[in-house]
């Protein structure tokens, strides 16, 4: 039943306007130089300004704290003009020196997000309002990378007072991590007021904010790992946003008053890895078997499990990125007869036994082992008998990385919102090698990949990428099963809660209706 | 050494550790402290004293069940304290034990037959037929029937169980039997049966008994010689007559006077002792009895009296006895 | 004297315990096929050997196992439990953050368990073999048999979602601010701050998880109280008390209960130990930010400094509780006191 | 039955029966027991283990646990039938007018209360003493039972005392309210010889001092001989013989009593072979037909195994349950 | 004996009935399940209980009723295996410690105390995380947590029995340590340990379901009750998914505990104290 007092959530004790969001967070730190978790930017984006940012879609980054930017002809020099008169929350003025200091600190901390800075050769600050980045080689996704918190502008004075450093040995000499966890030194609309691990993060309004003030005085991010619990609390009006709902949860509250259901395309993929090394994969390594598997699966069923809004891209390129082909038609993608023929051709008419490895975790609210059971069921139709082997993600990662899994179910989130990050799946590239898909196995594809990495011209990029996807539909060690949908729900009296994969929700924009 | 001595106990000491092994300051319970006496072949030697004075410990140490801290137990000329395992095992055939609690001394999970077979198994003697014959003979001898063999201990009465215990002790033809309060758990009417049985068996099999009891009437009835123990020490030994009719040690006197008498016409004055038996973990200095002794002198609390032969074969440890 | 010596001995054992526990986790952790590096580095960084080296050096994983252990023990002696790989915070800080929530819940549920358990046990023993007795025994067996994770789910479904009479998961209502940290036990902190409504809210939030967590211990206490009371009632000194002409009520209150409590105390100790074990499940269901969830995450991430830290904490806790129980034993039972 | 005994009896038990319902079946632990005690007298009850001595004593106090025990018969104390009284009325008599000492001093005291507290309890309960008065009386009692430093012992717990001391505390507790009848159930059996002597001496002395009747239960004929005026012999739940001490010892009428007396070794008799009563006490579930003692009896005749004998009075003071005596009387 | 206890004890009778029922179900489960416990039917997922699906269907359209019935096998096996493994190890360990006594005993008991102090569920989680969750690993972890209880009981029984006069009798007959231990002490000591094991059966089932709830049991599609409850928590609003397997755990545990509880009452008090 719905309780009568829904949506009668009292305002914060001091009458301040307060937004409460429940999520199952994975963040371990709010040090912009170290944080690289899925939800890190949810918290850090409204706290630390970046040179570039996304507003409400991932098409192309726009200027953030940079007033304007300029790219040199050779694509190796990026010059940014900063907004004038910007102050940090502490009152310290923001200068180009702070930007340089912050990025250098990220480089030297060697944190999980540090790879984003890999292409930078040097940073120059000709004047207090100008920053210049010199790159080692052309990088079509550099501006996108700038939207990450690794490039968040830190109040270097305040940070240094609290033990931070941008020195080369920062990875051991920087002592500010703990301070950053419960404080902030940014210029964004919010500051971190408090952080209680496993309980909540409280963001409070930055009184010195240079831009338009946000609607809420406070944003409370409650750590509630269980989607069922989030749902209950949303129904009761205890929270405004329940962010980790599975597709099924959403269905259950469809008709409940006072709740708005939100659905969006997530950039997370679930795919089947099929090893190309016969020593490891056995019959699985046979390209015909791999194709048979692709044809044997019931994509419609899988989309039912993953929930409404989930789709199946033809190759490991997400719908929503530049140049991605339209997704498969789930109704026609399955062709058991043809799959059986392929099995016969490969010499496995009678089928075979193999192991399907899967990590125990949920991807966008969908339980991976549940999907594995569905696959197990489907593969049985073409005679492939699988035994599911679940392991904790930590355990599963090792053989995955070493490429010793014959058949396994994995998920993938882009490192940054640009199709180039997906090139890792090509033969000879890191992910491709996890299936022992070597460059020699498909030189043509490798060639196309190399071109795509450096191409800056948009039309050429699109053509190139489409070509890659078509080839991968024919021959690939990976079978993309799903591109998930993100399901969440909010009370219906708030707005600005649209999904954007990078930030999840852009907290700057949330307000009451 | 005299021919007719079966066992000679010399300065035997058996101390128990009172605290667990992790403790730093170890304390000892001197359960048996410097005891010497001998057992003659074919006699019944009674050992009396109050609870906790070390009677059982002494008995078990003589049997070699405890490793004494000092002293010797010479059995037929051989010191069994220093015997090695194999020799000791052979020696065990010659000495047996009968217990106070007939229920506790029989393994509840074995039939009487199994229990009686056990000694043969352990020592690997006799064929199946021989064993069976011997067991039958013993059962008859102790007054049980063959159909008892298939029973479990809990299906028998106390007296019957005690008979089984006796039969087990006899299987290997021992020379010495240590009877640790063999009748004190039995009813009065059964007591007499068992005592008579023990007496008959002694004659028949030429046994020597060390008879431990706190019932002085029973000891009076059955024993040729008696030793009186107090707190780990032997305070008086001598023949039946020496102890009961010419008592010397004040403790022995008190003990004997304390026996309730069933003759309403022969009630005598009783020597009452003060207080309780001190703990063996912390015995009094000097003569251990001096705290309760009615004839105590200054000397008693200082010097420990030694066992002296006051009459031939009659030893007493008391300063007051010359 | 005896008591002090005893305590000294237990504390001595604690040292062994800590060394033993840390050693066990250490051995398990470092002999397993999977690598904490993988769990804690991003996929990009894993592919970069330089990054992996830097990570290993930072956490001391480049040294041989025994060296790592000696370093660990060395730090331990100085009260340093190391730094959690996952949260990158000192483990001690983490424990300080998470443990009070657990303790608050544990204490609350043990209190519930003791009150109801003893009450039920006494009634059941007095009315032995009556319908009431059967009912109570049924309840107590139910208490020890119900899977806590399921009971928690049912409670939430019924009392929170369906009837809306109980508060939801978490330590306090989401819109409230936690009290100023003193003990980090919310009820007490709120009371200290004089914030009655917050204290009530916190107490109210303890109810469901407390009941779920306490149900097992309550069943255990009921059962022990009953059988122990029945046993005491058959002892000789109760007959003596009857022979003195005491009423049944006086006999129970003055003579039986005191003696019957002695074994109950042990069970309470065991129960408290069990609570901490059961925490993982209950905390998961009730979104309780306690040590159980911390441990669960740590185990999943092979975050060994954290696992060792939690293990040591809980082990120490176990020993301390047992020590307290033993001391309480001495208070209740003069025979123990003088030994 | 024993009607010819005067009205001045302090306690008269008529036809007491106690049976227990156990999982193995129902058995009668006490069968048709009739006993009387006069004021100031000491009555001894002897018998083998399981013969029903304790159960008889407990039924006087109405302490036989029910279930499994079921009691019937009359227990007339001070002209009142205790079995007719309400539980509350009986309770007021317990510990006050009738007190009991138990066999096991080790377990009969509550381990968690001090001795003093336990002695004071009946005083506070029955006599309405104030705490102070009760304490004074308790110390007095402790002195009376021969406990050195009573103030010290008053504060101590039972486990700090030796067995003898505890039994003294039990006695002090029983005597607290100056009972008219004291039931002593094997008060010395668990004690050492020398301590046993101390307690017996104490009881003897107290008997003169306190002027209450005592029922002394034991299986030691020696103790009976020393302490008692009259003796009741029980066998298999029945009284088989009763009479004044000296007469009974000198001239036992029942074969069991006779056998018992002859089978005990004593220090006054020298090495003679002991007389034995063959066989064992019958199990309560398999009572022999007729006389219970018949299977073990040397004088058994055919009637003994056919019909159970009644308890008959051979003289005003003596009674016996044996066909031989019936026959002899018949011949007289 | 059984019938006699049953006659007077209502709860015990219930326990016997419930447990027998579960055992029968476990034996004949494949014959009586209306559907295959594996059969998926995505068109009919999340069906509420009905005459077609008595306990409803789960997230991939499997019949919950059939899965609950099949689950009884795993729970029974897991309970049994844990108890057997743990009591075997505990018995040997405790027996040795108790028999040898002295310093050895002290050290061995400290070690077992250490294991008891060790947070069992964390140990199990770590083992499972490290070795990968599987029935085998989970049972191993459970046995590791569980054996000290048996060691403790076994040890105290051995120590008590060691003092028995019949042991002394065997010694005085010259029996070897080996013979004394296996012939005299062991047979008289295992009884209580076995009783404890029966009493513990319900607890083992509970612990196992707790671990499989945390995802540490055997891999899907094995119908494990704990894992099914976890599925129910995931699919919160379809109450039947979690409720029925939970009830199954409850009834099985209640059944064994009713029996255990009543048996405990019938034990002799010396034993009862130990357990």
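Letters are used for the chains, namely A, B, C, D and E, taken in the order the chains are written, and counting of residues starts over at 1 for each.
Please note the rule applied: contacts are C-beta pairs under 8 Å (C-beta built on N, C-alpha and C of every residue); 3 or more make two chains touch, one makes a residue touch a chain.
Bear in mind the structure is a predicted one, so any value in this text is a computation, not a measurement.
Can you list every chain that touches chain A and also touches chain D?
Touches both chain A and chain D: C.
Touching both chain C and chain D: give me those chains, sorted by label.
Looking at chain D and chain C together, no chain touches each of them.
Measuring between Cα centroids, which chain is at the maximum distance from chain A?
Relative to chain A, the chain with the farthest C-alpha centre is D.
Where are there more C-beta contacts: A-E or C-E?
Spelling it out, more C-beta pairs touch across C-E than across the other pair.
Rounded to a whole Å, what is the gap between the Cα centroids of chain A and chain B?
87
Measure off the straight-line distance from the CA centroid of chain C to the CA centroid of chain E, and report it in whole Å.
Each chain's C-alpha centroid was found; their separation is 22 Å.
CA centre of chain A versus CA centre of chain C: separation in Å?
Here chain A and chain C have centroids separated by 38 Å.
Rounded to the nearest whole Å, what is the centre-to-centre distance of chain B and chain E, using the mean of the C-alpha atoms as each centre?
Comparing mean C-alpha positions, chain E is 50 Å from chain B.
Which positions in chain A are in touch with at least two other chains?
Residues 226, 228, 232, 392, 394-395 of chain A touch two or more partner chains.
Any chance you could list the residues of chain D touching two or more other chains?
As it turns out, chain D has no residue touching two or more other chains.
Return the residues of chain C touching two or more other chains; collapse runs of consecutive numbers into ranges.
If we look for residues of chain C contacting two or more partner chains, we find 33-34, 284-285, 300, 302.
Could you list each pair of chains that touch, in label order?
A-C, A-E, B-D, B-E, C-D, C-E
Touching chain C in the complex: which residues of chain A?
So the residues of chain A in touch with chain C come to 1, 3, 5, 9-13, 18, 20, 22, 28-29, 34, 36, 110, 112-115, 171-172, 177-178, 181, 196-199, 220, 222-226, 228-229, 232-233, 235-236, 238-239, 392-395, 397-398, 401, 415, 430.
Quick check: in the complex, which residue numbers of chain E touch chain B?
Where chain E meets chain B, its residues are 102-103, 106, 164-166, 168-176, 179, 183-184, 187-188.
Using the touch definition up top, name the residues of chain D that touch chain C in the complex.
61, 63, 91-96, 99-100, 102, 104, 107-113, 121-122, 125-126, 157, 159-160, 170, 173
Along chain C, where are the residues that touch chain A in the complex?
Answer in residue numbers: 33-36, 38-39, 41-48, 51, 54-55, 58, 86-90, 93-94, 97-98, 156, 160-164, 168-171, 173-178, 284-285, 287, 289, 293-294, 300-302.
Inside the complex, what are the residues of chain B that reach chain E?
Against chain E, the touching part of chain B is residues 20-22, 60, 63, 65, 88-89, 92-93, 95-97, 99-101, 104-109, 118-119, 122-123, 165, 168, 172.
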